[in-house]
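Down below is the structure, laid out as structure tokens.
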Amino acid sequence: MDKLIEELKVEIIEALNLEDMEPEDIDINEPLFGDGLGLDSIDALELIVLLEKNYGIKVEDPKKGKEIFASVKTMAEYITAHQK
Amino acid sequence: MQEIKHVYIAKSCLFVNGQLVLKGENSIFVKYLKEVYKHTDIKYSKYFKMDPLSKLGFLAAEVLLKDMKCSESPERNGIILENKVSTYLVDVKHQVTINDKENYFPSPANFVYTLPNVMTGEICIRHGFKGENAVFVNEAFDAEFVCQYIKSMYEADKVDMLIGGFVDADEDEYEAFMFFTEKDNVSELDAKMIEDLYLKSKSQAEE
Amino acid sequence: MAIYINGIGLISPQETKSNASFLEEVNVLEGDYFKIAEPPYKEYIAPRELRRMSRVIRNGIVSAKIALNDSGLENPDAILTGTGLGCATDTEKFLMAMSENKESLLTPTSFIQSTHNTLGGSIAIGLGCHNYNMTYVNRGFSFESALLDAILMINGQEIENALVGGFDEMTENHNKLLLTQKHYAKENGAVAGQGSGFFALEKQINENTYAELKELETYFKPEDSAIEEKVLQILKTHDVNTSECVVLMGFNGVPVEQNKYNELRDSVFLNSCIAQYKNLSGEYYTSSAFAFWAASQILKKQSLPECMLVSGNVPSTIKHVFIYNQFLKNEHSLILLAK
Amino acid sequence: MNKKTYIIGDSMISSLGFGSKENMKSLYDGNSGVQRIDDKYLYPEPFMGARLDDKQLNRCFSSLLMMSKLPEDFEFTRFEKMAIMSMAGVYRDQTFPTDKNTLFILSTTKGNIDLLQEDLMEKWGKERSMLYKAADVIAQFWGFENKARVLSNACISGVEALHIASKFIKQGVYENVIIVGADMLTEFVVSGFMSFQSLSSNVCKPFDESRDGLNLGEAAGCIFLSSNEQYLKRNKTILEISGGGSSNDANHISGPSRTGDGQFFAIQSAMKEAELTSKDIDHISAHGTATPFNDEMESKALNLAGLQEKPVNSLKAYFGHTLGAAGIIESIVAIHNLVDQKILKSLGFEKNGVPMPLIIQQKTEEYSMNNILKTASGFGGCNAAVIISKTEKA
């Protein structure tokens, strides 16, 4: 799980162009959207693609994104649960 | 101060140092030139092949250089002449030979004289001058410029003897003025003086 | 009606971000095309906003901000941009993803950022400017078209001022394609470049005014003598003394494209000081925005940097700058600025 | 003689292009402007020659009129346009003075000779066909205060003008001299050379075994000389005319000397003035017309001068023989060769065909040089030589 989280952090930074951030700057429990990292709906779409591309997980309903992308931790949990 | 030797030919008159030497019987340019040729008492078969301009320049030089001493090093003898209409008479002659496309016969013997410096070339051949030589085309004799050139060549140590002058042959007028300079008298050379010599000869010829 | 250039901003391969200096040092070409001398973006744009912006947007915004700050104009009556390629990096990114992922798994960011009007929109968002916002994509006339729109609107009394800019970026991939074209070929070809230049144009003259915009003409594939005739007419109309004029020409090193420049240089502008700028900016669709910036500087500073001088003597008083640029021999533009 | 004759600027128009830069590029690329010309106004039969782009000349010139100090509706002949165009090229790089300290020399053999054609004579009249008149018009275009001078010394006119001008400048007679060399390709000249049977039916081959005559060409070139260092601020490499001389074979009006002594005297005089010996000369830009006798004479002259081991070229296969312009445009090429430190191959040359040994340059390449000797010879037995040297401000 920790390994997955570290991997995920790097992927998020790359996909979302968070160029000034280092993986350790991201608190795994901090909200990704809103106040935390300040991501928006476009970023949500980026992350949906990331899940499908890197982990083969298809998020059919974008509305579910809000729960999945709450934090890096929730993302990792979702991946672990849904990975085939 | 010794006067600079000069020759003037125009209007069927030949002056040497301002003295009338030969008054022509014939007012036609080429015929008068033949009189001058006879007067110089030389035998130079190439003369007859020349165009009128070269003949005029050649004869003026012949008279000017008589009894004059040039440098023994041929490359130290030079000549600068001015001219107004360049080789207009020969140019027209050449043009006539090519005007009619059906009857096209340009002549090399004529064409070679379509350059004004061929006249100086003829003079150089005759007297063995192998030094500086130049022909400038100017609307009228410009003593100031010719003297500028002459002084310049002496100052640059290019020559020991240099002939200057103005030789021109147009349809109904011709004129030759030539003067002799050498290293030793160049300090006396003065544009105003040359101009005066020229104008004096010219007015004498017009009388 | 007079139109004045009251603020300028340029991000280019040269150190042009400060209007205080004027090409005192030259960045020489490294590699196959000119790269941007990047400004410290964070000084102009909040990191959060910066995140999603490609370089061309960043440079565009920075140059627009420099121009606005320079002029003191806060909320322009119109934002007009011109670009030949638009946001090339994002377009490429999106197309590459499309190709790599077989048209699936596409992400939206590069898609939304890849349209030509992204910059115009982003500047407006940043300023909270709800006024007229237009982007012209007109090949070698893109910047000129934006400028023309501004002139028409100001002269038509629709607006009092406008922020006008021209921007383009070059990418590694795009340049590879260009190198296969004759125009940009390695032997005798032009070197591609990029840059973003913005200008605050106003009806009112003020103490920061750089120059007056006198004339703008564009010609597509003109007849042989049309340019000369037009130039002569412009010079006459505005009473230009060619000996007090600097002519900024788009020399790009391509021999067949050189003729027109040479002809004008050797005829109408024989008396003038001839200068170039593509040796500093490279060739691109909106390079005349670089020339426009340089011309404004020349007139305000009354000097011409050595690196721009081609021939002629720099006039002691530079009254006019005439810009003549052509793109691929098709698009010809003439711009006259006055002191 | 304490002043230096600096070469401030140059420009030329030829069959290879407009402007020195364009011409140099073409030369370094090895292009020839000589081509088959089939134009009954020039000669009834097709022949090989080098012609200017008339369209470009007229286009550029029409807007150049703005600069003219003559009345607006004043008309210019083709020859005058050529000369003025080449001067414009110099002017745009470094505005030249036209005051009393400045002499303007036109170097040409035939000037407006085309005006002798019946139809043109009617329009322009006799006086306009005169060389002094053409020079006058050109001088008035620019507003020169001094009277224009025409040097008409056949094919050496250009080189000799440089020689004479440099004496004037060195001695302070004039501070600046603007020299224009120009001649046109006309029916007059083509028919004349045809009658001499001296035109080759191919691109000419100077110094080559199979050379069989020359090609005629047309061009105009302008060189701005001055002793005033103030004009030098744009010149990265400073060049001067370090020496010059002219001479006569005193042998034959249309055939060159069989010994080469005439040409040798001019070279010797130029080297003496420049205080250089044959060792110091790095390269010779020869006259090299590709007629059998001329090239033979030059091989002898260069051997007399001890220059047989220095690379020689002729530019006649690039430009054709441009008569009064030749000395100027070929000197301009030498000037750029010195600046670029590049030597041009002698186009058309394959196998040595001159009696005395010469090293004919066979490749265009980088070459380190300080002094280039430029020579010329012409009808009337005249010869001239100048040395163009790298120098520093006095």
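Letters A, B, C and D name the chains as they come in the text, with residue numbers starting at 1 for each one.
Criterion: a residue touches a chain if its C-beta (ideal position, glycine included) is under 8 Å from a C-beta of that chain, and two chains touch if they have at least 3 such contacts.
Every value quoted in this text rests on a predicted model; they were computed, and no experiment measured them.
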Could you name all chains that are in contact with chain B and with chain D at the same time? none
Does A-C or C-D have more contacting C-beta pairs? C-D
Reported most central chain by Cα centroids is D
Please compute the C-alpha centroid of chain A, do the same for chain B, then give the distance between them in whole Å. 103
Indicate the whole-number Å distance between the mean C-alpha point of chain A and the mean C-alpha point of chain C. 41
Let me have the rounded angstrom distance from the C-alpha centre of chain C over to the C-alpha centre of chain D, please. 43
Averaging only over C-alpha atoms, locate the centres of chain B and chain C and give their separation in whole Å. 66
Using the touch definition from the top, list the residues of chain D that touch chain B in their complex. 1, 40, 44, 109-110, 113, 116-118, 126, 129-133, 135-136, 147, 149-154, 160, 164, 167-168, 170-171, 173, 187-188, 191-197, 245-254, 261-262, 265, 268-269, 273, 378-382
State the interface residues of chain D toward chain C in the complex, per the touch definition above. 18-19, 22, 25, 56, 59-64, 66-67, 85, 88-89, 91-95
Residue ranges of chain C touching chain D (in the complex, touch as defined): 224-225, 228, 231-232, 242, 255, 258-259, 262-272, 274, 311-313
Using the touch definition up top, name the residues of chain A that touch chain C in the complex. 15-20, 38, 42-43, 45-46, 49-50, 52-53
Under the touch definition given earlier, write down the residues of chain C that touch chain A in their complex. 47-48, 51-52, 101, 105-109, 112
